[in-house]
């Protein structure tokens, strides 16, 4: 049933594949494998197609293998995902041990019989395994490398669909098969999700590489999705059946939405990349004049992802927030506070995301071009426009037609949580959407859009009503300064500076300045760049790797090439075996 | 007694080699001969396992499922590498690495090598088995030192000395077994069948000691750490097809011998505890050593050698775990590793010959410069590291499943951990080597047809096995349980 | 009947909005012992902007042109959703408190883009800071709403304050919200409407490039937004709405009470503004930290049921 | 009778431990083999077993005459300086040999709990020989010493076989003898090659392949 959700993703995949002219087989197989993943019926088959999916995506990431960094990216990606798979295997085997079967249904029927410690273990394994693929912090390390390196339509598929298969895995195996029975699972996932949201969006703010920025936003959005999922698990264990279903709906809804608008954004970024041949935002600008369509669609996507009404991102974020609120209402004690803070974190994320996309759109498309390439950029070919257009339409539809979609998702969620949803109403009359009849808090994107249109029209009317205003164009006000050019513009770095300072406790920003001076008084050129320290990479992964390599290096010394020593090994082995024979 | 064909054909071939002058014809006849052997051994295995015909047991031969399975493995790899040799050796001769008469010598040794291995897995008398294993050492030592470079001679020396020491310990073990026999009043024979029959009555203490010697001795040959030290040297210096044979088959014959004695020991001690503890211990140690050394490895062929150690480790862990599922896993792993590793060694052979260096850091853009080899090597990489749809994934999965069913979580945990480490290391080493831009100044090169055929043959088997497995798995488990009953 | 009433109410609110600003300015001036401009000065300003011609930077794109309309539309919609005097406003069916916040965010989003559009560094600075502040304001607001939500169990703004007596939770929440409002209406100590000094201005910096009618629309939107926030705050502290069918007297009384609320709040804001000095941009974090703490306290109070 | 021969074997072994030159080593190896041959004869007489007579004959032929001759020839041909090159000086080596003897005594007790003294001594001697053989391979630098060490180990194993299991089956023995001969030949080939390429036969210097 959840595969229904992904079909949306596949559609997108198809369109985005129409985007580039070489219609590569790998991409197609990739899609097929993802379809296989979400339709697999037993764990072994699941494992196989799961690995196949990783393998194919690896090939796709390394597609342009002449570039050094794409090889590195693919390396990191495949290694991380393989580690994840090892955990998944362990989890499956534990399940098999206690259920004696690989078929989902059988495991499901027997899973309550597992002893609790084992269940917890399986949960942890599954979480780590799928979390690696989904890219929840701190396992997200591969994501900002791999996504930007793949060709853009592939990035849109990876970020739009592939990491969702991990969410599918979590829903399928933890909620559906394992069945949630303790509270802390949900809470753990919630905590991780909150961290992912914030970390993802903060890093995104710091990023000047358009596609990397989007990749970090994938981390953030995965976080938001997991907020829904985690809450659903929490409420399920608290036996708040209605809320369990509701928050799962919220999660799934955001899942679809993210697939859509993130796809759209990646395509937009792709066509920008194609147009000016760089992903560095500092070299862009003014593109809205040269490539209006791309700009328009990108704007749409940006508004959707920052949760502005009346687009789809708005609806799902609103649902998630409501889920938090109602959870707070129905829970007690510290949990109230926890959920409140969660809601606050979500709101914070929303705000930061908005800021981030103001930056992304504003710096990329607005004002004057910051480089030659940006000046003579060309609009993308029709096929690209078409692909983006379709996704843009989807963005609007999923914003306005929330009610029927929610009805469908209710079925899915009900199935996943195996809760009977017949007696639950998720909507009132035709286009108004509410939670519980008792406590009506309504939302109708339709009406809001309507209102916006009406008043917008009113404003326009007011503008043009009286005698035609005399409008004159002139260069930007420069305080009587000499003529402004693109070098006076606000840069992406400048834009994100307040945030960089605000989160310096976490980002550890550092600057590199370099002066080339002719004389003491006259500085010839002055270069200034700031960077932020990737915390998890620097303080977790690199030391770990260092440790491993050190041990390996020590091991290397056991093989110094001396035959006498080698014979000595044999001798010692025999001796020790004979001495400790009793032990075996 | 169609099995005799398997033994006779190599002899005939070597005679032919002595007579035929034209190198090319000779090579082709050679590989045809091995195709024939392959067919015969297929038929044999089919008849004993599937048709369940009575097992051939004489004072000389013992051809139960186990032996025939190993015969099949040997034949497969033998065939592939004989085919690969056609192109490879002829090129070496053209490049003047050695003379054509020396090439004949090569084929001669090749035949002796395989003959001795066939004898190892088919003989009944353990003493003769021992002799044949020593033979394999001697013959392959000549093949390791074939290039007459400093390194190759050094490698051969280490190989022959270390293995002989090990082997002599194994002989001591055998003698202790026979002593146990004589104590139990058994016949004064070294036939495995008699030994197995008597196993129940043997003195447990002596059995244990004896098995230690056997394990260390044949373990040296099988490349179990810490007796593995000869292996990377020998593998990295041998002629490429021979490297394939060494790590694909030779190690497995030693494993075969260990299995034989293991069966006796288990029967004698009445429980598989002792055996399984030892095997798991050695397996994990080998895995650890392999993982660590692969991480810091620079030399392509040495890396492959260490990965052989790793897989031997997996196999012995599988043996330690035991039970029908694990047995199937082990047998399949023996087969899969033989095939995949040969594929890898062929690929490595081409790469090394093309770039004329072993150091991976110095090699770039293989896929660009030699697409066929490059792609197959890439696939082989994923196969050897246990990715589906390649068959090693299946066998490892089977072993892991068995382990979980047995409840030995710690062991499997370590196994998984080391597998992941090895995978990461190999990817880390190979991706810069395979991808990226190739240097401009390479001589142009295209793989001869025979090599391509060999590659595709192996790849087809590797993929086919894994695809076919889900349908065969049930019968497979039963059959394997029969073959390795008591492990 | 109801519809007519609601629309008239809405129009009245729109008309009322600039007055509030004027009133605040007046209070500030009087407290500073000045005469200051007339209370109706905002109206004059609007008119002046409206008749004046308009200059548009040639770096700007259609975003720049569209922004005023979008902003005004968003603000009006939000205002339309907010409860004033008449109960059971059917428009509330379209959305609730969170929706209002989201809709305002839409307007802000476009303003920020417009600020970047002209390509002057003032605009960029303004929008950067605006987004920074607003993103900090979001969680504070969210926490406050969460705390309020915990009694009625709905985020319908009309019911949000529906409580017997004034509870500690609401006071804390209201405090937090008040601080947010200060920021949202770009008043001291966060922002300063009265100056165009580049180091201090935020909102003004964003709209620096605007002139003529566009500026008029944006200003109007700003007034409306301010009124909207005051309304919501008042609704939370002293909820008072009557059914439209209650007859003339109750309606009149409630309306008067409503006006009183608005102007009291306005007065408070004015007083606060002259008492406090502008903050450095990076003290803003501490400011909102305080607001967030207020929200948390409110939740705790709500948990303890006081 | 047998006991004395066994003592002879042990003494020969110790001679090997103290040997500093290749020729000395080989000579003592020959002596050891000779005692081994006598021991086999004794057993053959005790058991009146024809096969054992043949075996002992072969033993004499191969190990007392042929193989020492081979090794001496190669040693002469490659004209290296005679020193074996000790990692461990003679005194320590002797001490080590004593330790080996003790260990093998303990081990023989372990293997054969109930035993008649002659067999115990024989076993002890046998294991001592094996251990010393290994000792030679580990602590002597030259390639030739490793060859000899291998042969010594083999002698030890043979002694074990003939002392406890009454020797191996006849054909196996034959095969093993052939095997030994072959290995000696091949080892000599390699010693020759090493000498040609490295201009030394010092196994300790063969350490190019590491890691």
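A, B, C and D are the chain letters, set down in written order, and residue numbers restart from 1 in every chain.
Throughout what follows, a contact is a pair of C-beta atoms (placed from the backbone, for glycine too) under 8 Å apart; a residue touches a chain by one contact, two chains touch by 3 or more.
As the structure is a prediction and not an experimental result, all values here were calculated from the model.
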Message: For this structure, I'd like the pair of chains sharing the most C-beta contacts.
response: A-C
- line: chain A to chain C, mean C-alpha position gap in Å, rounds to 33
Message: On a C-alpha centroid basis, what's the spacing between chain C and chain D, in Å?
response: 101
Message: Centroid from C-alpha atoms only, then distance chain A to chain D, rounded to Å. What do you get?
response: 71
- request: Could you list which residues of chain B touch at least two other chains?
  value: 157-158, 161, 165, 209, 232, 293, 296
Field: Numbers and ranges of chain A residues touching at least 2 other chains
entry: 556, 559, 563, 567, 578
Query: So which stretches of chain D touch two or more other chains?
result: 110, 134, 137, 146, 203, 206, 208-209, 211
Query: If you go through all the chains, which pairs of them touch?
result: A-B, A-C, A-D, B-D
- prompt: Any idea which chain C residues touch chain A in the complex?
  reply: 50, 53-63, 68-70, 72-74, 76-77, 80, 91-96, 98-99, 102-103, 105-106, 108-109, 112-113, 115-121, 123-125, 127-129, 131-132, 134-143, 146-147, 149-150, 152-156, 208-209, 212-214, 217, 281-282, 285, 292, 295-296, 299-300, 302-303
- prompt: In the complex formed with chain D, which residues of chain A make contact?
  reply: 556, 559-564, 567-568, 571, 578
- prompt: Tell me, which parts of chain B touch chain A in their complex?
  reply: 157-158, 161-162, 165-166, 169, 208-209, 212-213, 215-216, 220, 226-227, 229-230, 232, 273-274, 277-278, 281, 288-289, 291-293, 295-296, 367, 382, 387-389, 393, 397, 400-401, 404-405, 407, 412-413, 416-417, 419-421, 423-424, 427-428, 431-432, 435-437, 470
Statement: Listed in rising order, chain A residues that touch chain C in their complex are 286, 288-289, 299, 303, 306-309, 314, 317-318, 321-322, 324-326, 328-329, 332-333, 336-337, 340-341, 343-348, 350-352, 354-355, 357-359, 361-363, 365-368, 432, 438-444, 447-448, 450-456, 458-460, 462-463, 466, 469-478, 484, 486, 488-490, 494-499, 501-502
- request: Please give the residue numbers of chain A that touch chain B in the complex, ascending.
  value: 44, 47-48, 51-52, 55, 62, 65-66, 68, 71, 74-75, 78-79, 82-83, 86, 89-90, 93-94, 96-97, 548-549, 551-553, 555-556, 558-559, 563, 566-567, 569-570, 573-574, 577-578, 581, 584
